[in-house]
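Following are the structures in question.
Each of the next two complexes has chain A plus one other chain: chain B in the first, chain C in the second.
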Partner chain A sequence: MNTFKPAPDRAPPSQTVGPIAWVRDNLFSSIGNAVLTIAVIALLVINIPPLISWAFLDANWTGTTEADCVKEGACWVFVSAWSNQFLYGSYPEAELYRIHLMLLVLLGVIVSSFTLPKTIRMKASITMWLALPVVGIAVLDGRMLGLPVVSTDLWGGFTLNIFMAAASIIVAFPFSFLWALGRRSDMPFIRTVSTIFIEFFRGVPVLSLFFMGSVMLPLFFEQGTNVDKLIRVWLVLIFFMSGYMAEVFRGGFQAVPSGQYEAADSIGLSFWQKTLLIILPQVIKVSMPNILATFVMLFKNTTFLLIIGIPEVVQTLQTALANSFWLGGHALEGYLFVFLVFWASCFGMSVLARRIEQQMNTDKRA
Partner chain B sequence: MFKKALVVASTAAVTAFSGAASADGTLDQVKQRGQLSCGVSTGLAGFSQRDENGVWSGLDVDVCRAVAAAVLGDSEAVQYKPLTAKERFTALASGEIDILSRNTTWTHTRDTSLGINFAGTNFYDGASFMVMKDLGVTSATELDGANACIQAGTSTELAIADYFREMNMSYSPVTFDTSDQTRAGFESGRCDFLTSDGSQLAALRIGLADPSNAVILPEVISKEPLGPVVRQGDDQWFNIVKWSLNAMIEAEEQGVTSKNAKNRTVTGNPANKRLLGAEGELGSNLGLSSDWALQIVTQVGNYGESYERNVGKGSPLQLDRGLNQLWSKGGILYAPAMR
Partner chain C sequence: MFKQKTLEETKAAQRRSTGQSSAASFYNNPSVRSLFYQVALIAGLLYFFGNIIGNTLANMEATGIKTGFDFLDSAAGYDVLMSLISFESQDTYLRVFVVGFLNTLLVSAIGIVFATMLGFLFGVMHFSKNLLVRKLAQVYVELFRNVPLLLQVFFWYFAVLASLPSARQSLSLGEAFFLNVRGLYMPKLVGGDLSEWVWVALGAAIVGVFFLRRWAKARQDATGQQFPVFYASLGMVIGAPLLVALLTGLPFTIEFPVLKGFNYFGGISVIPELMALAIALSVYTGAFIAEAVRAGVQAVPHGQTEAARSIGLREDKIMKLIIVPQAMRVIVPLLNSEYQSLVKNSTLAAAIGYPDLFNVFVGTALNQTGQAIETIFMTIIVYFVVNMVISFLMNRFNNAVALVSR
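And then the complex of A and B:
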């Protein structure tokens, strides 16, 4: 029997497929677009080659002193010679393992709070997070563990940014939860105090808070009782952060349907049982994207610490630029380095944040 | 104005309840701690700078090291606290630091109203001018009508306005926010001359693409004596810092250096021996051991050595001694009599 065989499709007109058509559709679809395309290409052609030759071809890669920067291009020697300072500050080289250890612990805690078996996850991760700042201070300072003491004036560099941000957010987390609860409370006194606190720390620029921590706070203590500058600034960051996070949590509380509260009441749970077992898990789930965004903001804000002389990474860079053996003007290389490490960490965090959101998103979307 | 009032009020408040603390003088506190806490700048070429290994050096840092050597016998027993210009006096008033050695200009207002004492001058600075060689200018008096690159908000801004008015000349200021931008502006020809403090100019000059093309004019138009600062109310500590600095200057005048100091305790003239503690009681009068100045000179060096190593011919800055030469050699450095 003859079966019907359709004739093979004819090839589409050659003008509508392939790279030429793509270019025509996307780059030269109108006179305006054509002009734009040409302008952009011209810009790239003019700017990219000098940039590449500055950053790579003519760049100086090897050496330890400024005298090794003989070629026209970037002096990456500057970054490599100062890399220990940029990353760890003046932390003694023999003790650097402590910083690495704490970074690993931090990473481990983050990972395990999302991978532990569900039965113990909540309790275990809360314990780990709350213990982390104490362990961190003990390990990095060394006094409590009998290790060689590394006083805080030697801490610095990019790892200081990481630790300051992490330590602040961890401590701020429970506080901000309480502030948010307080703001929703029916008791007028607690509500007023919480509102004033939140609005004060949200309404004041973080820079002025840093100045207060570094310049005004010491004057309220008795002479001789020196609260370490880093700890003063840490307190400021915690206050600032808990003000912001409280608002994030308040949004989360409002997103939980009132039926959940009523259901909890109807089975006779106490206030704290209701809040901790029913409401809080839902609040955290809803607020996760905002919490992570706030954390990235805080992390970047730690560079403001340079304004009060804390040797975080940008301050260290400025110190390096002022060194009389490196006066040849390496600001561009230095700031590019800072730009890269911050961009890499923040990008990494937002990738992680997306993973977390997907994992936590158990009901709303597939 | 408010800022000053705040600092004054706070200093007064601190001195009011520091009664208990002053029974335990700064000297005892430092000895007990085993470390001197010294306020320095966050980074100023040649004066206080940290290197790639975290080691501090500089002319201001050497004052800290000298005091540590005199008091503790170890010039390395110093905890450096990098401070911004705004924090420095509070840090001193609150007791966070024992000495402030942070290119601080000695002015009447500061000395009389902030509850602090200047323990001497370790560098005589002053606003000066830098021009490109091809401008053909050799003196500041030829700068009438020129464009000036200035860093905004510095005391230089005031000094240059006074100077030009006094000389009946005009100039148009081009101000920048940071010293890097000021240098870039000068280099790109936005202005004919750059003005800043002499020590700063030397650092800016090195950063130029071709430093040999720029010259610093001889005129110095303002007084900026920089020196170490201590809290008021602890005269013993004030004396220690003052005489530690004087010992460095006196050592240079007597020709005592870090290399020959040990020998001079035996072979030197009576003045050498008095300074280095082989004779007399200079050390015990300060409450220190008799070899205090010997420790300073062997560990840190005399003033001349420190100068050349940090900002002079032995450093990239290549500053001339200028005013900072001994009085006997044309400068104005003069230590009171060591006896």
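And then the complex of A and C:
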């Protein structure tokens, strides 16, 4: 008996599979697209090779002074000669281990608040985070630990940007949570005060806040009190950040289903038990991507410290560019370097935010 | 009567028998608690602000800083780099304030226009069928969104514009536009006699377009006939002023910038500070707007496109009539906040010396008068008001594009 044997499938037309089809679909799907493709390729061909030869092939990589930059291309010697300033400001070289230590501690706290066993994770990480600014000031300043004192006008560079941003978000976190709660409160006066606070710090240009911190704030203290400039700026960053984060948290509160509140009420939890044990963990989880986005904004805004004369990384770059031994016009190299450093950190954080968001999406589907 | 009495008696008995619980119920009472919290907050705030105000007054007295707004009438005594209205160093601080305000409005308006154009261009490019175009849009967004704006302002100002050639070697376009290290020079249209009638005609044409659109929509609703509104409007807006200009004998002369000595004179000149700030603001905010546009288009369910195809609409009509109106509902609120942050970010002018409100007032005027509180608050209020106006306009616009639900 003849069994039915289907003829083998014919191969798809050669023009619909493989690289040719891919090129046709993605680059030349219509006349307009073909023109666009050629235009973009032409643009790249014209611009990329000179850029590569400037940045790599003809660039000067080794040396210590401007005289070592003999070739046509970029003078990366400028960046390497000033790299300590760019990263650490005028922090004494013998004490740099303290900055490295704090960076490691910061990294450790971040990692451990995601990896500790779940039974102790919440309490341990909250304790670590809140202790972090105190430890940081103690280590970097050195007074409290009996180390050589490094006064705050020597702090600077990119690490200052990192530390200021981190220290601000940590302190702003509990505050912004309270402001968000206040704005949702039934008590009219508390609600009004919270709303005014939040809207003020969100509605005002950040720069004017920094000016307030540097010019107006000293007027508010009793005569004779001299508060460190960096601490005043820190206060400003905390207020600014808590205004923005309060709105993030408010969105998070609204995203928690009301059944959660009712369930917590029905098992007889008090207001703070309900808020801290049931609602807050869910709020943080929901708002994690937005918290990261707000942090990226804060981190970018730490460059504004330059306006009131604090030597963060862009300020150190400006100083280096004005140095009389380096007057050969290295603005492009310097700005590209700082550009790249910021871009890498901020882009990394936004990729992380997107990944967290995706993870949460799958959670919902399961 | 009898029942009520029992009830009261029972309550009283309860209160007597559990003496503690009545006290407990007093401070567990939510309304008592909320009253207590609020009174405590008021007391705390009063103490806090009383302290601050007391300290501030004492400090200002000790350092001899004056208070009040009298300084606004005194002569400023310094020059401003760029001014849209006439300004001399003998003018008052109030005039400095106005000059700065106009400069802020100028850079914000330029920024908003170009950021919107860039944002929509790159946002739509994200949906191109062309892979390279798509990637280009992604690179633009990720590159400029993730770098501090201040750094970008400096980059354009110190690294790009400062490396332009000197006036004698200017880059020129058709001997009319010149770009050099001192700025951008453009030809200017100078109106002679009767030229104001051309502007009147332009205004009338714009009003006419508004009524034409209403008429065309009413007719289409009634009869289904379409009217070529776009081409008719274009014809009116270009044609009417042109016709009037021809009738009045072309009352315009074009003033070209001319090289005299070391610089160009005449025409419109744009200082590099303004250029750097405007470019940086547009490019930075444009990246955020591109993301908003992408989110808006992605928020329109794909079923809408399929439904539109199934009733036989052309691809360009689908975009214009189906996708964009729905995407606008998501885009407009985001645009609102991006515009507001652009205005706030324009204060970065202070970093490169463009004389915006913040720079001339909180920067220089504060330094000269020492009156920190007055100058900072006057400035802050302006930014609040400008942002409120933007918010009001965008909300009106939002209501126009919002889903009308029955």
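What we mean here is this: the second predicted complex is superposed on the first by the 324 of 366 C-alpha atoms of A that agree within 3 Å, B and C clash if a C-alpha of one lies under 4 Å from a C-alpha of the other, contacts with A are read in each partner's own complex, and residues count from 1 in each chain.
We adopt the following convention: a residue touches a chain if its C-beta (ideal position, glycine included) is under 8 Å from a C-beta of that chain, and two chains touch if they have at least 3 such contacts.
Since this is a predicted model, take the numbers as computed values, not measurements.
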Request  = Report clash or fit for the pair chain B and chain C bound to chain A in the combined superposed model.
outcome  = clash
Inquiry  = Touch test for A:Val17: chain B only (first), chain C only (second), both, or neither?
reply    = neither
Remark   = The answer to whether chain B or chain C touches more of chain A is C
Message = Quick one: is A:Ile126 in contact with chain B, with chain C, with both, or with neither? Answer first, second, both or neither.
response = neither
Query = Looking at the overlay, does A:Ile231 come into contact with chain B only (first), chain C only (second), both, or neither?
reply = neither
Task = Scan A:Ile307 for contacts with chain B and chain C and give back first, second, both or neither.
result = both
Which superposed partner A:Ser90 touches (first chain B, second chain C, both, neither) = first
Partner chain in contact with A:Ala255 - chain B first, chain C second, else both or neither = neither
Ask   = What is the contact status of A:Ser151 with respect to chain B (first) and chain C (second): first, second, both, or neither?
value = first
Query = Looking at the overlay, what does A:Ser208 touch: chain B (first), chain C (second), both, or neither?
reply = second
Ask   = In the superposed arrangement, does A:Ser324 touch chain B (first), chain C (second), both or neither?
value = first
Request  = Report, in rising order, the residues of chain A that make contact with chain B in one complex and with chain C in the other.
outcome  = 211, 215-216, 218-219, 221-223, 307, 318, 321, 329, 331
Query = Any idea which chain B residues touch chain A in the complex?
reply = 10, 13-14, 17-18, 20-21, 24, 29, 42-46, 49-54, 79-84, 86-87, 90-91, 93-96, 180, 183, 203, 206-207, 310-311, 315-317
Inquiry  = Going by the contact rule set out above, which residues of chain C touch chain A in the complex?
reply    = 34, 37-38, 41-42, 45, 52, 55-56, 58-60, 62, 128-133, 136, 142-143, 145-151, 154-155, 158-159, 162-163, 344-345, 347-348, 350-351, 358, 362, 366, 372-373, 376, 379-380, 383-384, 387
Message = Touching residues of chain A toward chain B in the complex: what are they?
response = 81-82, 84-85, 89-90, 151, 153-154, 211, 214-216, 218-219, 221-224, 226, 229, 307-309, 311, 315, 318-325, 327-329, 331
Note = chain A contacts chain C in the complex at 25-27, 29-30, 33, 36-37, 40-41, 186-190, 193, 203-208, 211-212, 215-216, 218-223, 296, 300-301, 303-304, 306-307, 314, 318, 321, 329, 331-332, 335, 338-339, 342-343, 346-347, 350
